[in-house]
Structures are given as C-alpha cells and as structure tokens.
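Two complexes are shown next, each including subunit A; its partner changes from subunit B in the first to subunit C in the second.
Then we have the complex of A and B:
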C-alpha cells in the first residue's frame, strides 16, 4: 500500500478553518469596538495549520479586480478588490500631494487699491484651479527663466467706476496672455540700463513664441476651471491691475497644487443576518437603520422577513446592534481587501487620468528605489 | 519665515547624495538596512507590506526617524536562502509588476464605463 501523507487524504479539511478565515478577511464591527482589524501579512502566519500565506504575482493577478461605479467630469468612484491597504493608502497620499498641476505662484501687482491686502489677494489667486494639462509643461525652478514651456501668464485688470455700484471681480476676468508677460522689467539702477535698440523691451518672461500657436491650446484656451470664483470686491474708484504667473508644482509644496478636493477610500461594508428576522422584529430593524440598508420581504399570509438590500450604504453607525440581543441577530463586518475609492478632482485633470498618473508616480518611485543600488 | 527650510527640500534629492544606500548589519548575518532619501510612508509602508509576503523574510520594517529628516529606513532580515538585497529587489520588482497590472485593469474598466454599449 503506497504511503499517503495525511494532508493529501480526501477527508482531511484543507485551508483555514472558517472562523479563522473570517478573522483573516473581515473586520467585525461589534457594539463596543471593531475587532480583527489587523491585516495578516506575514507569509508564515498560518504555517502551523498548513496554509501558505505568502502572495505571488500570479495569485494577485487572478484575484485583483477593478470596477468603476461612477464616473463624471469631476468625480469618480471605483472598487479595487484584492489589494493591501498600504497600496490603497499610497494612492491616496500620492493623489493628494504628489500629482503635479499648474497653479499661480507669482503675482506681480502693478496697482491694487482694494481692501484686500496684496498678499491675501495673491494667496486667493493661487488657489484658483487652472484648466491646463500639467503634462504639457516643464518644471521651473527659481533660477530658471520663465518661458512658454514652464509658465502660464494671466492678466487681471478691473476698475470700478466712480459713482457706480460696487464691482465683484470673478475668476473669469483673469485673461490668459499666450505671448507672456506684458509688464516691462525695468532695471533697478540707471547705470545697468542697456539701451533698447529697436528690440522689444524686456519683460518678466522670455517667450520664444506664443502658447496659442501650440496645437494643444489652439482651440482650447487656458482659463480658470470655474468662471465664478470671487477674487475681490471693488468699491467705487478702486482698481486692480496685476499679472499672475502659474507654474507646475505638487501638493507637498503647497495645497494649491493638489489636483483633488479629496481622495479617500473605505472598506466594503458587509451586513449579515445571523438568524431569520421576522414580522415585528423585521419592521423594527428596517425602522432602526438610518442608512436604509434593510428591506422587508413579504412571505405571504401576513408573514414578513428582513433582508439586507443595500449593504453598500451602511455607514457602520451600529444603531441596529445597539439594543440588547441584537448583536446575536445582525453582524456588521468590513471586507479587508475590498476598497471603495473615491476621487473628487479639483478640475485640472479628469479623475480617471489623475488615478493613472498616481499609478505612474508610484511605479516611478519603485524604479527609483532600485536604480542606484544595482 | 527667514530660517524656514525650503519647501522643495522635502522631495528634491540634494546633489551628491544617493537615493538609496545599503548598510549591512555587523552583528547578524542576512540583516541589513536601506536608507531611502526623500521618501515617506507612501513608499515605506508599501515596501514593508510587500516584504512581509516573502517567505524568506524573517523581519521587515520601516521608520521615518524624524518628520524633518526627509528619509526612511527600511530594515530587512532574511533566512539564509535569501539576502536582504535579493529580498528588496524582488519585492520592488513584484510591486512594479502588480502596479502595471493594476493600471491596465483600471484603464480597461474606465474604457468600459465610457462606452456602456460595448459590454
């Protein structure tokens, strides 16, 4: 008789026992606190029960899934199933602070007689999202000259007539200057002055050609994403004249470069009825839930049964298990490797492109960690 | 504000410094730490997670020594079948492939969402 390992016999249960599998894959949200919140990552964590917890690439490929739930112009919601929280969190962090955008960084104020102080005005201008694809621009560091590849110039000139009503200056009054700055960079002392012989006077930028001649912007002028952001209010006789220079940057430097309003994820809620909940109890349960997770199924002859209709909308308020004995009837859980990811774009780029940019940035980081070692 | 550090110091590698440096532990065999300049929890946590999935890794952890020192330290201890360098390389290569797969899966889903009639 050939020798057979006990582990290969058909009636020996394989895999993790069900209660351990539940602890491994679900967070249970009990009345007082969530339990089993940890993620078991160590490859040998279940070695004693004969289960290999190491993860290989082909396994990841088989299990990983993405489903887009909602996609609009400036927000999207999608599910990522089969990833670790550390990856989901890396994407969130990158989206908020490392995906580049264009934002106003330098403001040259020629005249401002409004009540808004210059620095406050400059800060407000910086926060206006600008609809320009940052991938078409280069990085500009402080000692580099502003040119058509790294700077977008806007002009703002608003004046409130004497005797007229007050004037509200909104973001649509920022006018794009595809030929660069119009302000003349005057030499500070008279001795420096080089005679401008016939050439155009030196301005704050050095554009070789107009940005409007580039195919990307020819039919698609650069404007603030929202035309109705209030910049300042002018009283009669007050005036603003300024030029704003936008450059490429990331949210780590200043939040004005962050391409998202917010980006966040949550784990998929799972609501399980541990026993049949009937009649009055079913009605009570439906009434308890403020998120309307439960529905009533009519079994005929006046009999009713509660069902879990919309587990996704569960907010884990735990109202349904607060009262006595309800913890035995309903179990609230979260699926540990199922992330509902939401991206709200600030408008510079559509959300789906923001996410692919974030993945590219993380890939680039990974490569950067290897390059110098080998 | 005059003595405030430049904002770009958080992510621009100063000239003459290496992005990653490797330092072997002198007392324990198959143990080493990697100092990664200008990175933070974004990368540290992902690498740590990936290392934990390797059966040859006995210990893997990362720390951010100080919020104003823009570097992380990843410490790896492996069995004699592997070496910290090998585990580190493999973890990052695997991660890179996973991300590639993730990106194409995501793009495919977005395409499907854009053309609802196609599936």
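Then we have the complex of A and C:
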C-alpha cells in the first residue's frame, strides 16, 4: 500500500471543520454577549488540522474586492471585502489624522473692534475648510519663508456702517490674494533680515509670481468650501481687517487639518434563520425588528414564511432574539472581513481621492521604514 | 533602531514618530509569516511618539523577516489602491455625475 498522508486521503474532509470556519470568519452576536470576536492571525494557528493560515499575497489578490455603494461630491460608502481589520483600521486612522490639507494657521489682525476676541476669531478662521488641493503645495517649516508654493493668503475686510443694521461676516468674504500678503512687514519687526530695498516694500510673504498664473488655479480660484460659514457678527461702527495665511498640515497636529468629518467602518451584519419561521411566528418576527430586516413571503393557501430581506440595515440590537426560545430560530452574526467603510469629506478633496491618498501614506510609511532597515 | 542584536533570531525594533497605525498593520503581516515565532508591539508611553516592535523567529534573521513583512504590506496596499480605483471607475461609469448629463442636454439648445 503506498504511503499517503492522512490529510491527503480522499475521505478526509479538507479545510477547517464548519464550526471552526464559522468561528474564524464570523462574530456571533448572542443574547448576552458577542462571542468569537477575536481574529486569528498566527500563521500556524490551524496547523494541527492541516490548514495554512499564513499570508499568501496571490490569495489576497484573488479574494480582495471593493464595491462602491454610494459616491457623492463629499461622501462615499464602499464595501471592502477580504482584508484584515488591522489594515482597514490603519486606513481609517490615516484618513482622520495623517492625510494633509490646507488650513489657516496664521492670522495677522490689523484691526478688530468686534466683540469676538482675536484668538477666538483666529481659531474660527482656522476651522474653515479651504478648497485647495494640498498636493499642489509644499510643507512649510517654521523658519521657512512663506512663498507661493507653501502659503495661501486670504484677506478679510468688513465694516459695519454707523446707524446701519448689524452685519454678519461670512466665509465668502475671505478674498484670496494670489500675489501674497499686502501687509507691510516693518523693518523694526523683522528679526535679522536686511531692510527691504527696491521698489516693492517687504511684506509677510515672499511670492515670486502670482498663484493665479499657475494652470491649476487659473480657472479655479481658491475659495472656502462653503460660502455661508458665519465668521463673526459686527455691530454698528465695528470693523475687522485681517490677513489669514493657510499652510499645509495634518490632523494629528490639529483637527482643522483633518480632511474628513468622519471616517468609519462597520462589519457586515449577517442574519440567518436557523429554522423555517412560519405563520404567526413570522408575523411576530417582522413586528419585533425595529430596523425592518425581515419580510414575509406568502406561500399561498394562507401560509407564510419569514425571510431576511435587508440584512444590511440590521443594527444588531438583538431585539429579535431577546425573548425565550428565539435564539434557536435566529442567529445574528457579523462578517469579520467585510467592512462597510464610510468617508465623509470635509470638502478639501473628494472622498475617493482621500482614500487613495491614505493608502499611499501607509505605503510611504512602509517604504520609509524599509529604507531605514537596509 | 534595533535592540537585542546578540541573537539574530530575536530583536526589538524601536520606531519613532509611528503609532498603532503602522505597528498594528505590521504586526498582522508578521504574524502571518510562518517563520515568526512571536511578534508583538507596545507603546511604552502614550505621550511619546514611539513604538517597540518585538520579533522572534524560528531561525531566520529578525530584521529580514520584518523587511519581508513590510514588503508584503506595501504589496497589499498597492493592490488595495488599484482595486479601489477600479471600483470607483466602474461606479462612475454606471452612475455618471449629474452635471455632465445636464450639459449634454443643454448643448443642443445653445446651438
């Protein structure tokens, strides 16, 4: 008789036994608590049953899928299937705190007689999302001069006439200055630089040429994303005159640079009817569910059967299994490697570009570390 | 920075300016490598931007194993990016943006 490994015999079932496969791929949401919430990562975890759990890139490539569910100007929802939560979570974390955007960082207040304190006003300005592609700009260090490659300058000048009604200053009054700052930097305040010579007086920025001459901005002026954000309210006789300088930054430093309002994911809910649920029980089940997951299928002759029509809308509230005996009829699970990812962009970049940027940043981190190791 | 280099099989890598984002993802790819005996990461203090990644192998050079893990993570990222871009393109073909449809309708009127 030829020597055959027990694992290669035709009557030995291959792969994980079904109950283990269920534990590996699903979180079961039982009445009292969720179970099997862990993810088995170790390569040899199933070695004793002859299953290799190591990472196979070709297998990952074969199984990984993305389907876009919704895509609008500033939000999107997509399904990411066949990926480990550690990587999905890395993308989410990067989206929130490491994808760069442009935001107002320095505010030069020439005059402000409003009730809003200068620092509060500057903070409010910082939070305004600016519609400018951060990839077209460079990083600015504290000791680097502001130039057309790293700074966007806005001007705000609003005055409420005496005797007139109160004035609301909104974000559309921020005017982009493609030629840079217009405020003169007095020589006394300049630290060590030589006094300005020539015809043009020294300002707070050092623009070589106008940003408006760049092809990217020629027909696409830089403006705040929303024109109707209230910045301040002026009483009669009050005035604001200021200049705001926006620079590139990341959400880790300050939330104003975060390109998303939120970015989150949830695992796909899976609702399984363990037995046929008929007639009165079916009606009861449909009535139980606040998320309207179940439907009734009419079998004719007054017979009815419950079906799972909308498992995606299940919130796993467990109302359907709360009462006695229902846990044997319905099973609530979550698919461990199916992520419903939602990105709400703050407006600087469209959501699909934010995600690709986030993936690129993770790649860059890996490459940076690889370079350091070798 | 690498510590514990007396024995090439086990090392602790100390990464500055990194956090759970990279460390947890690398831990996953490392754990999926059959050569890895043990792998884990820790952040010694939450206010220091620093993580320690511990790699113990069954015989291979720990640094090389970490490099391979990073390479497979990069490859995964590249695949995620191309799949995602493909899915978005497909979605946009099926659901063209509303503005472009309007302009198409407007064009004959202008003529």
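Operating definition for what follows: the second predicted complex is superposed on the first by the 362 of 374 C-alpha atoms of A that agree within 3 Å, B and C clash if a C-alpha of one lies under 4 Å from a C-alpha of the other, contacts with A are read in each partner's own complex, and residues count from 1 in each chain.
Note that a residue touches a chain if its C-beta (ideal position, glycine included) is under 8 Å from a C-beta of that chain, and two chains touch if they have at least 3 such contacts.
Everything numeric here is computed off the predicted structure, so don't read it as measured data.
In this superposed model built on subunit A, subunit B and subunit C take up the same space, so to speak, and clash. In the superposition on chain A, A:307 makes contact with neither subunit B nor subunit C. In the overlay built on the shared chain, the residue A:179 is in contact with neither subunit B nor subunit C.
Contact with subunit B, but none with subunit C, is seen for A:254 once the two complexes are overlaid on the shared chain.
Once chain A of one complex is fitted onto chain A of the other, the partner contacts of A:28 are absent, as it touches neither subunit B nor subunit C. For the contact definition in use here, the residues of subunit A common to its subunit B contact set and its subunit C contact set are 41-44, 52-55, 57, 60-61, 64-68, 71, 78, 80, 83-84, 86-87, 89-90, 93-94, 98, 352, 355-356, 359-360, 362-363, 365-367, 369-370, 373-374. Partner subunit C is touched in their complex by these residues of subunit A: 41-44, 52-55, 57, 60-61, 64-68, 71, 78, 80, 83-84, 86-87, 89-91, 93-94, 98, 352, 355-356, 359-360, 362-363, 365-367, 369-370, 373-374. Within the complex, the subunit C residues that touch subunit A are 15, 18-22, 24-29, 31-34, 36, 63, 66-67, 70-81, 83-88, 90-92, 95. For subunit B in complex with subunit A, the touching residues are 7-8, 10-11, 18-20, 22, 36, 39, 41-43, 45-49, 52-55, 57, 85, 88-89, 92-103, 105-110, 112-114. The touching residues of subunit A, when paired with subunit B in their complex, are 41-44, 52-55, 57, 60-61, 64-68, 71, 78, 80, 83-84, 86-87, 89-90, 93-94, 98, 141, 250, 252-254, 352, 355-356, 359-360, 362-363, 365-374.
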